[in-house]
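Every chain is named by a letter (A, B, C and D) in the order it is written, and numbering of its residues begins at 1.
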């Protein structure tokens, strides 16, 4: 396992990490969670990601319960604030919700601080000044060591940095976007001008495009798969246009490459993300031990992705 | 119930809110207060306003006792500092009174923080630098999430914002002025140039002009009414010149409009305040359950205030 | 008793105040101290001054023990840091001593904060940047509400204010110099250009010039007087050149005026200090109840100091 | 014992001080440590240096256990953060390690704050902005009173000061370099332009060049000496090129001077360091009581180092 810096900053996180979206508090019980985190740590993973929104806070409670077995400085824990409930002040990036959300997350996590705290989305309803001053306060008061953003546009990030500079505030250090073989635009194009400029790191989610890149949907939606269980996910899929014949053709070609490399399509897809030097960590969403054991090997597959192989993949994806 | 942002800022408060002036600790006992707040919450009200000055702190103590039944992040609580007692340092906006007053208010409210804290009046005896630095400290230390002013002039607000900018301090976000059909000058004229400029919100009090706009004084002062009980209020009234034949004529015309709309004059008066887009919340001072039940319906009356009705009202008030 | 602002700032202190130099922990036992403070409070005095140096901290311990009977916000307490002991870091204005001294003083005073904290002398060995940043930290952390200086030159005060501005720090608000009919230079000449400029207030000590202005030394040093007991004080006196025939002649003329006004020379001397509009409070050092009862009446004598009387005094002092 | 200011700053430390590298938690048991510190304090030493790296934290634990017998303000304690363990975030100057390292050090030391905290090395992997903002936070939160660096280049120190100025942060006040008769370059040449500019003080280590300047290696490596026990030290020595015939010849000449002065070579070497006016304190690494008793007399030897003697030494070292 390689440890990468978060952009230009001092924090080091494992190139693969464990997310808790959908899985913690839903598909995973406490015992399996403990086993999974233990396996992750044994494999060198030190970074664990959650959010107040995941399973209405249960994901944080479970992760906190599991992680208290580890030395605090050995692990890097992140959470995200945006959707904390249904009340008028329970969502978004107001100073009220950012602070109340952070306090509540830390209580659920049984921690004095998280390493990273994300603004889980941009909030056009709140002035950038309010957001940046509050995140700065959260960091300076030691509730979090660094702050970042998730799914913000390059333009919003620009404004965040300019505001931070103007108000002598600590700037964000990391973005958490979706990134995989099928969704590349934002990470590769939109953010291109600001990586260097602000030393921004990336922690990326959905390396398998919610399962599409496992190949399991090529021949229809299997029972018990996420898409079978969550109608909203199916809908979202359809809306993106990814659930199409064109995609399936690409997937079949990619599957051939993975066969040649002696790995699964999932492993190939994850390893492919790791080849992007702006990616600090690829967040895995695993709900079963076998799945973890499969995915973790992507680290080895990464070594096989020579320039030639990458060029071949590029031709397929183009 | 509509939730409105406080100016451009992220905090959201219900368009109607419950004040505690005169009522809490005076006209209301604890049981009625509990019932009233419960009814308010059931009707979607999330914003409760008090001040250290109300009933010498008893209003805060009562409100705190009642509100501890609710989840802290579901409610928005404000208090105001200025008149904390009779000692030389018990009033005004000195750093000493602002801090000591805030600490004492939080203790009475049984809270770690209020959402909003107001400078209850301007204090020409204290340099703006001292006021702004202290309010900034109160917010950065988490004793309040936002700060505002009450009955400050536009010129004083200008200076507060300039001082905040100069000293890299958090600026005020909200003003709490009097505002109703009969007292409009400050809100509509004086503040006009600064709403946009500073993203200032308003929480307004006295929507019924201390009862004048209920119509109950048209035919003299009834027993048991506020004016009957408080001579100082009667005097203040007389000094404003509002207690005049001209006013009573306007009130009779407005009463006709309310009859046409199928509502009471009080409801019309409150609804009229809500039509002003700079108003974030209209603070109700209710001492009886029936009064609350009457006033809360102003939200529905608001929908009936078409441009034509508003123009008609304008003609009467002019 | 009149309450005066500390310069342009918001804090209000009684024009007469109780100091604790020499008296507390030396001439006064706990019971007399309690009686004295009680009498002071009953006469409207709200300001009590001490220092870590007085009686090696015993003055603070005694004052704290006595003052805990009063509501914290009713009183204004000041202490001063400079001489905390004999160790290499026990004196002066280093960050180490300023912080350690403040923590120790607050413990002895049994308080969470003092209202005013003074740098008891200038310290040419410590950069102004270190002093100002530390005092700013003491105020922002709520250990003191305001900070000031004692016996700093106008030039040092200028540098303190410039440094505060440069580093965005809270500036000092008050100076504590010696001031009386016989020692006037610094207060009236040296500081003249900076009162307005920085809104500086004064709390002044030695209104009786260590007893000279009581008139008791005109005919030699009486037994049991301070000068009889403290040789170092006698020496210091002699060095100033005040202990001279010229002084005694002035004192006799002043005594005549006091007779005409129907008051004692002490009362005249204290009242004279109160006439200076830059003086926020005159600190009394009283060791006996009768002395307090005499001195407190200076407030009434002040009313008798018409322009004519002041001119007559000026002629004597010139 | 002379007390010297740390550069231009207010902190005063004894010219000789006790380090804990190799000795504490290794060569010294708790009883000997207590005796040694007691002897040091009796000789006027007030400054004790440690680091999280020394004996994996045991040095801090031992020092803390011993020092709790002393009044906190009588002593000056420093620690250093850089090597806290083997995990990815256990070393270097990231905000995560600086804060977690400081919290852990204070726990081991059983203290609320250290007087000085050092960045134990430069960390080219972490932006200067992150380091300076975190050290500033550590000082402003009262975890340390001052911060410094160890073995930073003049260029790195320049950048630290410029960054501090830009971000309105508290700058470093002290460097801890190696300095002795055989290793002089950095202290005398490289830092020359920045002493005045930033008022930088020095606490220097290795006054005896890890034992070379005791003279004991002139005739080979004795059993039980550090060089005999630590191969890595032997290697490091050899790499520096100091372990050479040229060195031994210098040592023999220096030994003759020490004989003439009536002192040992060690005492001469330590006293020589003290002659450099930029040195605030020379840190002694003592593992035996006799060694301490020998070294402490360097203070007296210093008085014998006239300009002539110094010139003679210079000729030998040149």
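In the analysis below, a residue touches a chain if its C-beta (ideal position, glycine included) is under 8 Å from a C-beta of that chain, and two chains touch if they have at least 3 such contacts.
Just so it is clear, the model here is predicted, and its values are computed rather than measured.
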Touching both chain B and chain C we find none
Superposing the Cα trace of chain C on that of its twin chain D calls for a rotation in degrees, to the nearest 5, of 90
Would you kindly state whether over half or under half of the residue numbers at the chain A/chain D interface are used by both copies, giving same or different?
different
Greatest centre-to-centre gap (Cα means) from chain C is with chain A
Rounded to the nearest whole Å, what is the centre-to-centre distance of chain A and chain D, using the mean of the C-alpha atoms as each centre?
44
Please work out the Cα centroid separation of chain A and chain C, and write it as a whole number of Å.
63
For chain B, give me the residues that contact two or more of the other chains.
168
Chains touch in the following pairs A-B, A-D, B-C, C-D
How about chain B: which of its residues touch chain A in the complex?
3, 5, 8-14, 46, 72-74, 76, 115, 140, 142, 145-146, 168, 170, 199
For the complex, give me every residue of chain B touching chain C.
84-85, 87-90, 92-97, 99-100, 104, 123, 125-127, 130-131, 133, 137, 141, 167-168
